[in-house]
Amino acid sequence: MNERVAIVGVGWAGFRPTTPELSYKELMYEAAVRAYAEAGVDPRRDVQSFVTVAEDLHEGTSIFDEYTPDQLGAALKPMHTIGGDGLHGLATAYMLIRTGQFEVVAVEGHSKASNILSLERVTAYAQDPLLNRPLGLNTHFVAGLEMNRYLYESGAEREQCAAVVVKNRRNALRNPLASFPGDLTVEEVLASPPLAWPLGQLEAARPVDGAVVMVLAGEGAARSLSDRPVWVLGVGWCNDSAALEYRDWAQAVYARQAARMAYRQAGLRDPQAQVDFAEVDDTYAYKELQALEALGLCPAGQAGELTAAGATVPDGDLPVNVSGGSLGIGHLLDATGLARALEAVLQLRGQAGPRQLEDVQVGLVQSWRGAPTSSGAVIVLGN
Amino acid sequence: MTAKILHFPGVSLSEADFEQGRVLFNQDRLHGDFAWDTGIAIGSYLAALRRGVILGARCRRCRRVVVPPRVVCEWCYRPMSEYVPLQDSGKVNTFSLCYVTWDVQRISEPEIPAVIEIDGASPLHGILHRLGEVDPQQVHIGMRVKAVWKPPADRQGAITDILYFKPVVEV
Amino acid sequence: MGMRKVAVIGAGMTRFVRRAQETGKELSWEAARMALESCELTLDDIEAVCMGTAPDAFDGVHMKAEYLSDGAGGWRKPYMRSYVGGGTGVFAPIQGWYHVASGLFDTCLVVCEEKMSSYTPHAQAAFLTIFDHTTERPLEPNLLWIFALEMNRYMQTYGISKADIARVSVKNKRNAADHPCALLGERDITVEDVLNSEVLAWPVQRLDVSPVSDGAVAVVLAAEHVAKRNTDRPVWIEGVGWCLDTAHWTNRDLAYPRYVEYAARMAYEMAGIKEPRKEIHIVEPYDPFDYKELHHLEGLLLAERGGAPQLVADGVTERNGAMPVCPSGGLLGVGNPIAAAGLMKIAELFWQLRGEAGARQVPGQPRRGLAQAWGDLMQVGSVVIMGR
Amino acid sequence: MTLLERDPNAPAAWLGELPLASRYTAGLAGERFLRAIKDEGRIYGARCDRCGVTYVPAVAFCERCLNAIEEWMDVGIRGEVYTFTLLYQDLDGNRLEQPELVAFVRLGDGGLVHRLGEVQAGEVAIGMPVEAVFRPAGERVGSILDIVYFRPSCG
């Protein structure tokens, strides 16, 4: 059994609103070549198992796992697909390596969101077919309902949600992978047209194309492959109620439970003090506030105030979404968690360039599956 | 435990239960519209089809010519070295006489799908297509066939620019 | 430290039916609840849940695992879905295995569900979208094409006749007559019935094919210390293997399933099996079409290449033969709700190895069994070896 | 990263669809729940005594313990607005001229997502009592749309 597991190679491709010059397979290939080169592995010889995260309806292909192996070097090897976020994929690789059956495992996630002409209709097909879908509503309504109840219970304000947008898009100015950098004011964000009131148009992340590949290894292999392995200290994932009718509308219970699981493994008793930075869900601006509370990174009901006061900017007490988050980078569908984990790896290695944080040892990454779901995953990474 | 269990759950309905309103149900459709980027290899394959050429690619390391082309060799993971224009003929690797359309309509004249090993590609390397201008009973594995193309003006850069493959009359 | 041992300690399933009234959530729940009751556990005892379910198109729900999570017992638990096409039903217990073998969890509920009847007008049409969207779908292929193409190549390569293959369908449909959940059990079916059935896509005829179905199956997995506390008769997962071949299915030999062999070799090595033909006592290979059972026995190294038909002809694969194959009745007889059908094979081995299979019980107190599934574009092998 | 280059005449994208046509049964619990709306104009919940949860809409099983639920109850047609939103986009992502007023109406320990009617957006507040407005009995088909919307109720 391998007790410890590390990330030893990362690669990316795309990270733009459109990537017309590459097919999805070629996008995956480009990310994979980078990751394998960085880890110094030959996938045909050294990588023993492969995992992709993907959903059929995002691909336009049924049982999409068919088309995953070739461009990753996985043909005739143990490969499978997870219907989940990139962090679910990392958790899977973590489990595979811990069994002792595998030493080196690669994880891939991608988005070709620009190829989905009817993305909103596809998303709506995730609604309950009997109770919700007959209403014919764009799935953003779920975010509107959630945000309204979250503001009501937490006392957070719309201005504080807008501050998340301002911060993340400013952070994106220093990230070359970000598609939506910007220097906005809270007033400008609040003046954007409403999407699902109280949620404004500028408070929703826009989809982008991209692919991320990561190579993970057990402790022995990790030490020989990398000078700077980034250790997986803990993983957690959780589903709250599948039904809109029974879930918690105000709190991200799935994030709270997933974090508890990950913290237990990582031995974090006081995450607020022990986590140096966080890359968390900001699919919608309020989600970042909701997540910080669920993750125990600030007291309940205080994420809004702390954000407005600047606690989560890069030189604040707890830098959050230094990468620019999904609001600044864009949303990579199923690969979103991997994009956040990519930032955490770069930060922990000291490779984050102009946005490098000083003296960071432990990073927290969290992801949500998006509306209308109530599920997500957490991973704690450290040097 | 199955031996001890007397009742297994699962309520079976008939089509009549739906038609005669004995059960409630909801119907829905998804128009999932996509514009898949063709990219480098498949984009070039489609462009070649428009010119009346079946395009392959060579892996120098594996000494293999594949079709359709791809940017990386799935066996050695080296980038494919070059494109290779192939013949528009080949032999039937396997085939079927299919009396059911994709949407499960019964037909009297069979569709004849086949895997056709393309001349110029490595052995066992072929594409999926249909056979035409042939008596279904005469089709056999190993049969030589040749592509029947749409007129150049009608081609769109699609696999359907080849209408079907027909037997080559041996002289 | 060696690998953690993982056991199956409970199983449950719904009937496999053509059109279920239950929603997919309800089917999942029925199977999950039965599995928990079978080992006298409650949902509180379950630490993680794995869901296996194949294309979203069937159930007609995007991200369908999210939708199914409450029925599967995933409420506020670590819950994850895996898929490898038709191989999913035997892969999901592998997923459960690595959940427990990783040391993260001591118990895991594995649920597989498929509600194919939701796809209208006919579930088969959904298979159009498993083909490559640019190079193949414009040809309007259906699922029968690839089976027919593979079957024809297999027959031609080894000189196998339709009658050789039809015996598999007869055996499995007869076996299924003893399965209380079966959709197409037929005690009196004959080889002639199969050979005279409607031609769908020559060489595939109606009775060569397993029926489209709705259903769910669940099993409970536990780490060694929990399993031993729970039952005197745990059934151990001794080996697992899986393998995914290239998507370029028209660039390889269809006569032999190399991906099944690779998956099997991985599982045999893990289980310490050197001579599979002597050491495997019951086989539940994937049989969505009758020739696939033969194809898979060869890939599993349980028959020579091209030699599986002779085993069937000689009665070796009968329920009371030397190597019973699909004593459950398989997909051909019990039904084929894709992922659920694969997990049904795991449930069957569980019941057989515990001597609880009733009318289907294989004689001679079998000690070890193998289940296998297959899927995607003739591309996936997933293998689980279970033993007492 | 590749040695192959893209043919300058390559078509940019291949257009196609993932066609889905689905027929969903209401299911064991849904059948009874929707029939009650259709035939009786009533909303039913179901209670799991073990977990102390009253599920609305009624369900066949408790998601918390997976026990079967037998105990059904009429929970009335009145609830309160638990949260609401004003939705400005349609299913194609186009801007709606007339935004939709959507609420989650609390009933028992669950509730229903539905439209609000006979009220202006500015008048809606969390906690506001509302009641279901049903289609005329003869026009109901056994769908969630047999409820037209929820409207403010006098208590």
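Letters A, B, C and D name the chains as they come in the text, with residue numbers starting at 1 for each one.
Going forward, contacts are C-beta pairs under 8 Å (C-beta built on N, C-alpha and C of every residue); 3 or more make two chains touch, one makes a residue touch a chain.
The shown structure was predicted, so the numbers you read here are calculated from the model rather than taken from an experiment.
Student: Under the document's definition of touching, what chains do subunit A and subunit D have as common neighbours?
Tutor: Common contact partners of subunit A and subunit D, which must touch each of the two, are B, C.
Student: Along the graph of touching chains, what's the shortest path length in steps from subunit C to subunit D?
Tutor: Each step joins two touching chains, and the minimum needed here is 1.
Student: Can you check how far apart subunit B and subunit C are, centre to centre, with Cα atoms defining each centre and the answer in Å?
Tutor: Distance between chain centres, rounded to whole Å: 26 Å.
Student: Can you work out the whole-Å distance between the CA centroids of subunit A and subunit C?
Tutor: Distance between chain centres: 33 Å.
Student: Approximately how many whole Å separate the CA-defined centres of subunit A and subunit B?
Tutor: 36
Student: Compute the distance, rounded to whole Å, between the mean C-alpha positions of subunit B and subunit D.
Tutor: The mean C-alpha positions of subunit B and subunit D differ by 41 Å.
Student: Of all the residues in subunit D, which ones touch at least 2 other chains?
Tutor: 1-2, 6, 12-14, 16-28, 30-31, 34, 63, 143
Student: Pull out every residue in subunit A that's touching 2 or more other chains.
Tutor: 20-21, 26, 29, 56-57, 60-62, 69-70, 75, 115, 118, 121-122, 125, 129-130, 134, 241-243, 246
Student: Among all residues of subunit C, which ones touch two or more of the remaining chains?
Tutor: Where subunit C meets two or more other chains at a single residue, that happens at 19-23, 25, 57, 60, 70, 75, 120-121, 126-129, 133-134, 138, 246, 248.
Student: Please classify the inter-chain touch graph. Allowed labels: line, ring, star, complete, other.
Tutor: Shape of the chain contacts: complete, all pairs touching.
Student: Considering only the defined contacts, which subunit A positions touch subunit D in the complex?
Tutor: 20-21, 26, 29-30, 33, 56-57, 60-62, 115, 118-121, 124-125, 129-132, 134-138, 140-141, 144-149, 152, 193-199, 241-246, 249
Student: Looking at the complex, which residues from subunit B come into contact with subunit C?
Tutor: So the residues of subunit B in touch with subunit C come to 1-5, 8-15, 17, 23, 27-28, 30, 34, 36, 38, 42, 45-46, 66-68, 70, 74, 93-104, 110, 113-115, 124-130, 141, 158-160.
Student: Under the definition above, what is the set of subunit A residues touching subunit C in their complex?
Tutor: Going by the criterion above, the answer is residues 1, 50, 55-57, 60-63, 65-70, 74-84, 88, 91-92, 94-96, 98-101, 122-123, 125-126, 128-130, 235-243, 246, 253-254, 257-258, 261, 265, 369, 373, 375.
Student: Mind listing the subunit C positions that touch subunit A in their complex?
Tutor: Listed in rising order, the residues are 1-4, 23, 25, 54-57, 60-70, 74-86, 91, 95, 97-99, 101-104, 126-127, 129-130, 132-133, 241-248, 258-259, 262-263, 266, 270, 375-377, 379-380.
Student: Spell out the residues on subunit B that touch subunit A in their complex, using ranges where they run on.
Tutor: Per the stated touch rule, the residues are 26, 28, 30-43, 70-72, 74-77.
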